[in-house]
Amino acid sequence: MSKFTLLIHCPDTSGIIASVTSFFYKHKGNIIYIDQYVDVENKIFFMRLECEFAHLIKIESLKNEFAEAIGKPYEMSWHIYTAGMKPNMALFVSRYDHCLYDILGRYRSGELDVNIPIIISNHNDLEYIAKSFDIPFYHIPVVKGEKDKAEKRQLELLKKENIDLIVLARYMQIISSRMIKAYPNRIINIHHSFLPAFAGAKPYHFAYKRGVKIIGATCHYVTKELDAGPIIEQDITRISHSHSVKDLILKGRDLEKIVLARGIKLHIDRKTLVYNNKTIVFT
Amino acid sequence: MSKFTLLIHCPDTSGIIASVTSFFYKHKGNIIYIDQYVDVENKIFFMRLECEFAHLIKIESLKNEFAEAIGKPYEMSWHIYTAGMKPNMALFVSRYDHCLYDILGRYRSGELDVNIPIIISNHNDLEYIAKSFDIPFYHIPVVKGEKDKAEKRQLELLKKENIDLIVLARYMQIISSRMIKAYPNRIINIHHSFLPAFAGAKPYHFAYKRGVKIIGATCHYVTKELDAGPIIEQDITRISHSHSVKDLILKGRDLEKIVLARGIKLHIDRKTLVYNNKTIVFT
Amino acid sequence: MSKFTLLIHCPDTSGIIASVTSFFYKHKGNIIYIDQYVDVENKIFFMRLECEFAHLIKIESLKNEFAEAIGKPYEMSWHIYTAGMKPNMALFVSRYDHCLYDILGRYRSGELDVNIPIIISNHNDLEYIAKSFDIPFYHIPVVKGEKDKAEKRQLELLKKENIDLIVLARYMQIISSRMIKAYPNRIINIHHSFLPAFAGAKPYHFAYKRGVKIIGATCHYVTKELDAGPIIEQDITRISHSHSVKDLILKGRDLEKIVLARGIKLHIDRKTLVYNNKTIVFT
Amino acid sequence: MSKFTLLIHCPDTSGIIASVTSFFYKHKGNIIYIDQYVDVENKIFFMRLECEFAHLIKIESLKNEFAEAIGKPYEMSWHIYTAGMKPNMALFVSRYDHCLYDILGRYRSGELDVNIPIIISNHNDLEYIAKSFDIPFYHIPVVKGEKDKAEKRQLELLKKENIDLIVLARYMQIISSRMIKAYPNRIINIHHSFLPAFAGAKPYHFAYKRGVKIIGATCHYVTKELDAGPIIEQDITRISHSHSVKDLILKGRDLEKIVLARGIKLHIDRKTLVYNNKTIVFT
């Protein structure tokens, strides 16, 4: 048996769903999931579809046929992900360990269908965790004036390991536009506030100062504009006047872990599509 | 322009989506919403679909064609609801006013696409509210030994007003199996606990006694077994040891209102399908 | 039996709790609630205390004694609210009816321990609701260039009715600094976003544009700086890419109603203390 | 400087707060936290108090004085916990690793003020995790007919390590009444449902079958009656008809981790008091 996930976006017109589903029906596929969304304002059609086949399929010839029969006529951007194509995910960390522990725990228990070939950090504080999980750890210090050199080293490693997805697990450095260009909508960050509130540094300090009654965390793709990329997932927790900044940081940790983990899983499971600086999240 | 919503369930097989979507494509319909679900265990396929037509359609002939071409071959249970077919909703209340106020407020502001021709109550405490919203109010006391008589009167009224949907807005009486048979999966109740916890009477008292840290409310279709019908919607709120039973009742009110309102709206918007004592909720 | 609530703030020092509780013990009061908070940064002590007496007390002489024995030595700001002192609350509305219905429903059912002598609006759309609840409604149009005149009329009415608390139940006008000075920390507003995100106009439109996955509502005291006053309560609800601005507005209504109602209740129950543009909320 | 936490419960009468706070004031203590609760039904007074001293105090003589002056006259059950008295916590696990990883991650990062001298398991699957955190792991198989023998071995180990608190981190065995008697209100369990719903085995399967729209987790003290002990903390997450049992298990993991971690922290921080099969949780 074989199975794949198809992600599509294209100009909206009638007949797309009928054409796509009929195509796979003719190829004896069984559609086990379909969800679609139309951005009415911009007239864009989005679809996610999972298809199963009782027999082994020749994926390359199917893709070619799909491109000809459906992709071109509808001017589609589309991608077929076959089951078993595990993405290679690199983790970037600094000194906070909670997101790292959380991701590696999920990875070890089989919750994340992914490979983690490398962990990169500008500090070596967390090397011992990488070791205890048997994952290669690269300490690449980011020194003032030599940031460019550090980034080249990072890019070499990412290329060498065929990295598909970069996760900034509380990596306390700004990502350059070169890196962003190399991994468009493939760098996931966790920000410790309910964006757009408290973008930038020290959100818990500003949340404390403003006297908010909820704090949040936001998982988003990294774009050039700081903390302004497409949001994948957000969640919040209640606080009160009696919580100090330290309390907020502690409470926020659990949020950060869970929101980041959800965002990673959505991406890995091919449930996200980015358009117009927003993330369509299929559920 | 015309528009309708189609709800389907049938034995699962491949090709259903392609067949259905192609059928409407051939009739020049534009599918603006599609969602589907397969109960893998019982091999049942469920689908909700919204379809728009630029022109006026002959709905009866379309239905006949659909029955022949799709409905029969796939052994479907299906229903087409055209936009504008507003359901007639009867409200049953006793003495609590919060759900009644809430529903009527939403009704008045246009949030609920429904007619409310009658309010029925076993007490006359809330008649003044019905009056202030200009809705006919029927006081049908439910006296011991004469329950059957009261119910006949209710059924007559419901029939006369062509009622499609009954909402028990904190109606403190048990509904007979005759009434349930007459309105299968069309009687919506709000229960003041997160079912199946605290089924039956006085859930807040039992929640207090058990020392739970959350209380809930459950909106469900009424079936013969008390508080055991298909769940449409649930939500919860946090409590603490310091809350008395009276506090729980007060906090629970807001839950009851919102959970009931959400359940009603899902039903009215044709987003629910009941199967095997569960509710499929399309979103 | 008599009962009162005491709210205190003063410079932090040791012995305050012992002194205050001993004072009431000597006067044969039974403390049924005590909560305290210290702002460590600014060294300010805050306390809320409820005290019951088996006998009738002479409240004025007790206040005098308290001022001498405790208030002055500790340089306290303090206030004693006796049970039964119902605040007079004015409602300001424009055209949205959901918060008004919600507040009046709660008021009618006895949930809010308050008088509502007047409803003031810059439009007359909601007059019929005021009427159905038998509450005097004043239509005071706010015309360009004559805002000052309208405000004078409002202030006269508020004074005449001995208003203690103003609630802006989706009142779509900016409150002048004169009004704010007259009712410091006694004007409660509901803002339809999780402040500080999306302060200002059209928050749902900006939330849609930013692609957030949660929307919120914020209840706060009105201060000179728009949407920047001390926050009393906030809550949120989840949304997805598939929700239009209209959907957000609809979903937001329930949030607005509940968050505003909670904020009003906290104020009325003397559970809030404002300091340094933050609200201490005793629970 | 020294600091301690005092937990009290006693028959309710007036003057307790004044007496206790005056006692510590006379001993030059500064009360930095006070919270109290009265169970009106049973007339029991509960209090939690934190007190700081600028100087070193002789804790034993202070305790003796307190017992004489306050404890005896008011018939109090009371306990003073000095800061720095870290509880010794034993972890019991079976084969699920998510709660274990989570607790050890928090332990390592300093979030839990506790010692973890031993991990006990009826399987050896998770030994490698214990090793990677350098914590002694004891594999004590629980074989049919030899359960008593296994328990004796457990009790020896617990005694030897001066264990104060046992945490069942998804330990899949029923705890005997002998063990419960030895550690009354000191065995914390995580149950994977919102109790009292779905008590007993396989709650996710029953939740799926019932078609609930929320699942939960409950952290409670273990008592003789299975899953009926005093609840410390609960939380929930939303699910839909489309989630399989496997999905529920996966989603439930995050709940279990967080709810158990919160429960442990509340216990360790001396914020819980058990009375009448309920947990008073001071915040």
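First chain written, first letter: the chains are A, B, C and D, and each begins at residue 1.
To be clear about the criterion, a contact is a pair of C-beta atoms (placed from the backbone, for glycine too) under 8 Å apart; a residue touches a chain by one contact, two chains touch by 3 or more.
According to UniProt, the chain labels map to these proteins: A, B, C, D = Formyltetrahydrofolate deformylase.
Since we're looking at a predicted model, the values are computed, not measured.
Asks: So, comparing C-alpha centroids, which chain is the farthest one from chain B?
Replies: Chain D.
Asks: Which chain pair shares more contacting C-beta pairs: A-D, or A-C?
Replies: Of the two interfaces, A-D and A-C, more C-beta pairs touch across A-C.
Asks: State, to the nearest whole Å, the distance from the C-alpha centre of chain A to the C-alpha centre of chain D.
Replies: The answer is 36 Å.
Asks: Between chain A and chain C, what distance separates the C-alpha centroids? Give it in angstrom.
Replies: Chain centroid spacing, chain A to chain C, equals 42 Å.
Asks: Touching two or more other chains, which residues of chain B qualify?
Replies: If we look for residues of chain B contacting two or more partner chains, we find 242, 283.
Asks: For the complex, give me every residue of chain B touching chain C.
Replies: On the chain B side, the touching residues are 97-98, 101-102, 105, 108-109, 111, 132, 242, 250, 253-254, 258, 261, 283.
Asks: Over in the complex, which chain B residues touch chain A? Could you list them?
Replies: 14-15, 17-19, 21-22, 24-25, 28-36, 38
Asks: Inside the complex, what are the residues of chain D that reach chain B?
Replies: Where chain D meets chain B, its residues are 37, 40, 194-198, 210-214, 216, 230-236, 240-242, 244, 277-281, 283.
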